[in-house]
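Same chain, two partners: subunit A is paired with subunit B first, then with subunit C.
Take a look at the complex of A and B:
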């Protein structure tokens, strides 16, 4: 799967360019970000630009990244499409992690 | 094994190494068995000499019928077949072999003085795998024989692996069918025997096993527990977790019905969710689930519920519909958000619908899905129909919305209606 990273110093921006984050990709996604966290990245901005569908497996992958970061880490999500926002709202995950409109705002939120 | 043809009435010229009973392909010594078919004895002798260096078991036949009898008797691993023979020629023998289900895979190498392209093509069309010209080049003959024997062996091994795979797959399919059966047994078999309520439900797993489960729990004489669970992902592991969660929710398990000092106590919905959240952290199975759980007093219609990241139950009352969405987030995060509760009063004639997001998400790829508004519309349109008919109406609406599109998630729908109390006995 396609995963791009930009180290902003204060936070790591991770972009997945896949259209669907579902059962097919969830496992790989979880592993790849897990590796980034093990490498020491504790503040992550996850950009879902281009993603128009996240199902329960995809959500599970994001949740496991959140858990892996632990209390010392932080994850914010940005560039969320409407349909995906709906899903986050339904599961109340929008109250579990912060959702910002743009990458810049995401990075800023973690720099505080 | 049936012989291909009745053995020739003449004494089988040139037949050797015959046993009274048919042998399995490959000799008892394990060396590959080669049948040499040529009407000239001198050619057979030459080939014997060439092939003797290979350590093969060698059989001979001097004509077509003898060859066919020989292969029936002791199936060879390879046949060296002369084309020009009186009576039945090599092409005819080869074609007969091709049509035999057991022997059709036996490699046949034609031997011929006819070295022209047409003859070779005719040979291949008859089913030969190779063509050697006379006079024979010794090394060439040996090399070709070795190659084709090796190919034959590889094919055999491939076939054996395939057969094992097919067996394994059949066993897996059986297991899956059994798992599906166990899952179906978790769902309500019949409506709970409570006065003042009627029930209907639909369940369509998208695969053989599903990640959804729902049930009605008789907690005491007045109270009914209602739940619907959706485990993340698909496959057998999601299915197994539904079994575990359903088990945990049974009154006997002590979570929905606690053992209190003064007897059994009905646990508050938020408390049930908190306990599940403790028992099923995401790290346990690498999965999470969502749940809507409520306790309904069927005598007076009071409902207390809490919802963990699950689509809100739909409550249809006089003239209005409401989503019951008080609660927290998905089960498994260790209480990151509190599970809030709400109390509502279900009136006689009101309907309550629980469902999972398979309904909301259904639709053709790349387009807006069915979503809650269409579900509400379908249920509202069916408000005068029976409870069963209202469930059928939803399934029908889903089908019309995306004709021919197979749902990518389980479809679950549970309907409860509060009825007028029947006259006391």
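Take a look at the complex of A and C:
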């Protein structure tokens, strides 16, 4: 899967070029983000721009990343499409993740 | 509108599941469901097929998963059929539990609960010829 990362100093912005974060890619996604966390990135802005579908496996992979970051780390999700937002709401994950409209707001939230 | 039906058939690989989702979403939109409900029906179709691949075929390709879609004037019905290992029906009962604080950070186990939360009817039947997970969504005015 294609991931694009931008180190903004206070946070790492991670974007995926995939349109669907699903069971096909969940394991690889989890491993790739896990590697970034192990490399020392503890504040991550996950941009879901262009992602129009997330299933429970994709959601589980994002939860796994959040847990791997631990209490010292932080994860913000941004640029979430309406259909994906619905999925977060249905599973109550909108209560677990900080979801912000734009990347800039995500970076700002992790800069304080 | 008379009842219409089609059957989709894929190999038991996660690589093909998105195709089922795309087709089911278009049918749901055509049937008059809102974009939000159509997204949920697409999600449920994907979760049901993923469940068959993961549990009936233990994630291995080489098995067959069929999705029978039936559009009636009052409801959209999906049947996900496999010929793999039967699911413990208790898993569907556990799936009736709501999404709450105890399970929010679980990394798996949401699939069947999504079906329970988003569809109007969910049932599972296992027979020697195969297993069948049935999902129904009432249509507006149905």
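Rule of thumb we're sticking to: the second predicted complex is superposed on the first by the 112 of 112 C-alpha atoms of A that agree within 3 Å, B and C clash if a C-alpha of one lies under 4 Å from a C-alpha of the other, contacts with A are read in each partner's own complex, and residues count from 1 in each chain.
The rule is simple: a contact is a pair of C-beta atoms (placed from the backbone, for glycine too) under 8 Å apart; a residue touches a chain by one contact, two chains touch by 3 or more.
The structure presented is a predicted model; accordingly, all values stated were derived computationally and were not measured.
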item	value
First, second, both or neither for A:10, with subunit B first and subunit C second	neither
Subunit B or subunit C, by number of subunit A residues touched	C
Contacts of A:24 with subunit B and subunit C, given as first, second, both or neither	second
Which superposed partner A:60 touches (first subunit B, second subunit C, both, neither)	both
Subunit B and subunit C footprints on subunit A, overlapping residues	23, 55-57, 59-60, 63-64, 67, 83, 90-93, 95-96
Residues on subunit B engaged by subunit A in the complex (per definition of touch)	211, 230-234, 282-283, 286-288, 290, 309-311, 327-330, 332-333, 336-337, 357, 360-361, 366, 368-369, 408-409
Subunit A partner contacts - residues on subunit C that touch it in the complex	14-15, 17-18, 21, 35-36, 39-40, 42-43, 46-47, 50, 53-54, 99-100, 104-108, 110-111, 113-114, 117-118
Complex interface listing, subunit A residues touching subunit B	23, 26, 52, 55-57, 59-60, 63-64, 67, 83, 90-93, 95-96
Partner subunit C, residues of subunit A touching it in the complex	20, 22-24, 53, 55-57, 59-61, 63-64, 66-67, 82-83, 86-87, 90-93, 95-96
